[in-house]
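The two complexes that follow have chain A in common; it is paired with chain B in the first and with chain C in the second.
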Partner chain A sequence: MRDLVFRNLRGRPGKTGALVLLVTFLSLTLCGGGLVLSSLRAGLNSLENRLGADVIVMPSKAALKTDLDTLFLQGTIGPYYMNMSTVNKIGRTEGIGRMTTQVFLSSMRASCCSIPIQVIGFDPETDFTVQSWLAQSRQGTLKDGELLVGTKVNVNVGESIKLYNVSCPVAGRLAPTGTGLDTAVYCNLNTIRSLMAAAGALGGYSYINGDPAETISAVYIKAADGVNVDDIVNSINIHVRKVQAVRTRSMVTGVADSLGGVSRTVTVLMVVIWLLIWVILLVAFALLAGERKREFAALRVCGMSRARLSGLVFAEAFCVSAAGAVLGILLSLVLVRSFSSLIEGALGLPFLLPSSGTVAALATVSMLVCLLAGPIASAVSARKLSRVDTGLILREG
Partner chain B sequence: MDLKAQNISKRFYRKAGESNYFYAVRETDLELPSGALSVLMGRSGSGKTTLLSMLSGLLSPDTGTVTADGRDLYSMDDRKLSAFRAARISVMPQGRAVLDTLSAWENVFLNARIAGVRDESLVPRALELMERFGIPDLKEALPKELSGGELRRVMLCRSLLLSPEVLMCDEPTGDLDDQNTALVLDSLRDYAHQGHTVLLVTHEADAVSYADRLLQMDAGRISTPDPV
Partner chain C sequence: MKRLSQKPLSVVILCLSLLMCVGSLTFLGACVHEDGSVGTCHWAAVACSALGGLCALYSLLALLIINKDLSAGLTLAVIPTSILSALLPGHLMPLCLMSSMRCQSLMKPSMVLLGFAIAILAAVQAYLLLTVRKGSR
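Up next, the complex of A and B:
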């Protein structure tokens, strides 16, 4: 009877197509929604991993929390710097386990620079936030003058980027984080200082005062074991002038809160849309079954049992569901992948496509749910049809 | 195979949920012997199709029993009754009982397919039947491309393909011209005379001359049980 199932489906291309389309929407809602939620969770995890520090200290001129959000979510950096002497004062705070510095620099939309981009310089000797990430995509140390580019920077490895008329070779591409850091480039402190000097020489950075070697954008602190992080934050904010320390957890918590809200909204929408489409599918199967009453009567006249007739209806629903589920999964992968930047921008949250294992799990769950949803939607009509006396249908003429 | 109905009746409600009903068939006894063409005639609405449906195992009667070779059809569960019907009782209903997605040739094989018969010898028999009823060139045609008469002949070929012991036809000549009507009635009589049980339900006056047994139905009762 297998070929009868396919013949029935092929023989009504319009109606079969409409049913497949409905299941495609079911699958798209489930798999697409799941992918968006997983990507947001993956983005949050990535953000936590990338922050790595318990406390970040930036010049108090920077509206710190806002600037951190801007840096990590949008990849833009405020033009605020502090002196090395300030860093030394911060370093004297009790309870610090590890401390490292970073320098931020923005290139310009001008002839001196290939592209407007954020440059982040880190200290390889003390760094504990960036290098574990760099190790995922590149072995060995970064040489002076070399750059590593974020996954969204449109320059190939081996090519060079011109920054303030200094040509910097791209030594590698970093793993995606789903945050604003994906749009930045990274280099060591020597490189960024030479770039700052070049920028100063071009007169493009009037806010850089003094020696680039003495200029720092942010200090990252990891508390020593057993030390209360709030004590460090308070101590720095009280004793060190013109800087502001903030717990990174408060930033992650803020993002997590937003993520929680978005997740709830997306989940509710997913459930509502899914149920609506399922009800439409139920009605569609019922309408189609009504139309096919005579055809089913013909099969009964020819000796088909009620159980086999129901099996035929289920098999058709199963095939329709399988085709729709596969299409929906593929479509959701393409859409979420294509519009990830748009979603990230619209939600203002870190967005990182989950691992292939998670994607496979989501696809499998979506497939299974759709393979159940279609036949269940057809079950009501199948039961109703198989219970009707064939003699009555024939008598109706 | 002898088919016997005892005290069968069927009533229908004019509207669901209402007590307003009518009897399509009233306490009827009937025996269809093998080797004879039984012709059931009667006015529209006299209960002919309902009687045929009950005799063929397609519609359970409200009272009475239908037995085939001593087996009560309606005491079997649906799976067994369906298998029994597929193998031994063939019905050609009045309406358009074909699958629109299958060609005429595939529709001819529908009974065999459902009964699970995959005998190669059915192919020449199917060709011979289509040839006999004048539709050999319509093998690939879809039902929507066929006229009413052609469709009826496809259904007749299907009903005869497995050489069933019992054949019941409801208005098989409804859309046919005189020549084809004669051909069909002749074929049904021949088939009955080969030892099969054949019931023909018709309005066709010409059918009387082919009947071995003539049954007249009126207001749910067989009024002339065995006049021939």
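Up next, the complex of A and C:
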């Protein structure tokens, strides 16, 4: 019986190939779509975990020019700065539990810089947003002049990046977040201020006015326990001039809303494509069974029971489904893994490949569904074939 | 037409090779910097295009030549050429340092997938040609 199944499949390479291709599309749609949706969810979770702060305060010019919902997808707010005296005013706001500052600097596409990239300087003494993330991938403190690179910056640990003619060794690589933070490099405040001074000396950073040591880009605030975050936001926006305070929760909600829309579209497309291919598979099995009426009639004459004949059709469909499912799953894993950066860029949403456990679960579900889809599609044909009048078919010639 | 039906994989290899040849310089290629300059990723794309063209030439000759030994030999020659084109961007020739750049996010994975797909198909086609030849004796 098993030999007959494989002989039948090998005997019609074109038709077997076409059926395998259909099931491959089924599997690819299911596993690939599931992977994209899981990656988007993983990206949103990562964004929530990385934010850490309840409130971000930035220069009002930056708030006007930057789409706040995509702040963390872009990495930084751009070349906007405020003075340290503003930070002191913000610090006087009631209800602040922890507060830290960050400075952003962009390198140039020129001979003075190895790469155009966002540099984020943080204060190791007060930081509560970056260092909790660093602890997962690197132990120890960051020395002056050293850099940590995001996962999408293809520079190895131990190599150096030249920024404004200053050579900075890479001390570590951060874990992926699926956001714009992956395309930035991180250093302490002393390093970024020396880089700002170097940039100013080269004339490449005209936005920096005054002393780099007194310049910061953003303030991150964690509210004290029991304090209403909205009260802090309102207080800063009313009492401190030329700055804009934003609740990080609203930024995540904006991204989550966009993600919800994309998820719905992907799900609807997946269902439509899946149904379409399944109907085609159903028709294909029916047509192929019709073509093989004489063959099945001959098998019945040779003594094969109706149950075994149905079993033969099921076994063929099962083999075709198994081959297609494996191919589709492998193809979806390769495609989503290879083009993850492209998908992230095209969707404009955080995109982080899920854990291997989730991927294995998705692959298993896709495999099971496809293994069922083929035999179910062939069930109608198998039922019809087992009930045909053998004598009539053979007489018809 | 008969040749096409005898060597269906050669037709697929030819199409994929042409895709590599044309795509690496157009819709799958590296970007041009804002100032009009090009980086090493551009030259990696040019090299991939040349290797894709070579694969296309081999597969076209394999398709047209009746002698199965010669056809199998030409198909086998596609394998190292396509693997070389898969390894060129990012491995043998450096690309931009950011994974989000077009050369890293589009060109490199496309060339790797196309290169290895061509190599696998060429290996299967050569195996079929050689086994059919033995069987026909």
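Operating definition for what follows: the second predicted complex is superposed on the first by the 387 of 397 C-alpha atoms of A that agree within 3 Å, B and C clash if a C-alpha of one lies under 4 Å from a C-alpha of the other, contacts with A are read in each partner's own complex, and residues count from 1 in each chain.
The rule is simple: a contact is a pair of C-beta atoms (placed from the backbone, for glycine too) under 8 Å apart; a residue touches a chain by one contact, two chains touch by 3 or more.
The model shown is predicted, which means the values in this text are computed figures rather than measured ones.
Touched residues of chain A, counted separately for chain B and chain C, are more numerous for B.
Residue contacts after overlaying the shared chain place A:117 against chain C, while chain B stays out of touching range.
Residue contacts after overlaying the shared chain place A:7 against chain B, while chain C stays out of touching range. Legend: residue contacts after superposition of the two complexes on their common chain; A:294 is shown touching chain B, with no touch to chain C.
When the shared chain is aligned, chain B comes close enough to touch A:302, but chain C does not.
In the complex of the two chains, the chain C residues touching chain A come out as 33-35, 95-100, 104-106, 109, 112-113.
Per the touch definition, chain A reaches chain C in the complex via residues 109, 114-115, 117, 151-155, 182-183, 334-335, 338-339, 341-342, 344-345.
The residues of chain A lying in touch with chain B in their complex are 1, 4, 7-8, 10-12, 294-295, 297-308, 389-392, 394-395, 397.
Contacts from chain B toward chain A in the complex involve residues 24, 49-50, 53-54, 58-60, 78-79, 81-83, 85-87, 91, 93-102, 106, 110-111, 113-115, 158, 170.
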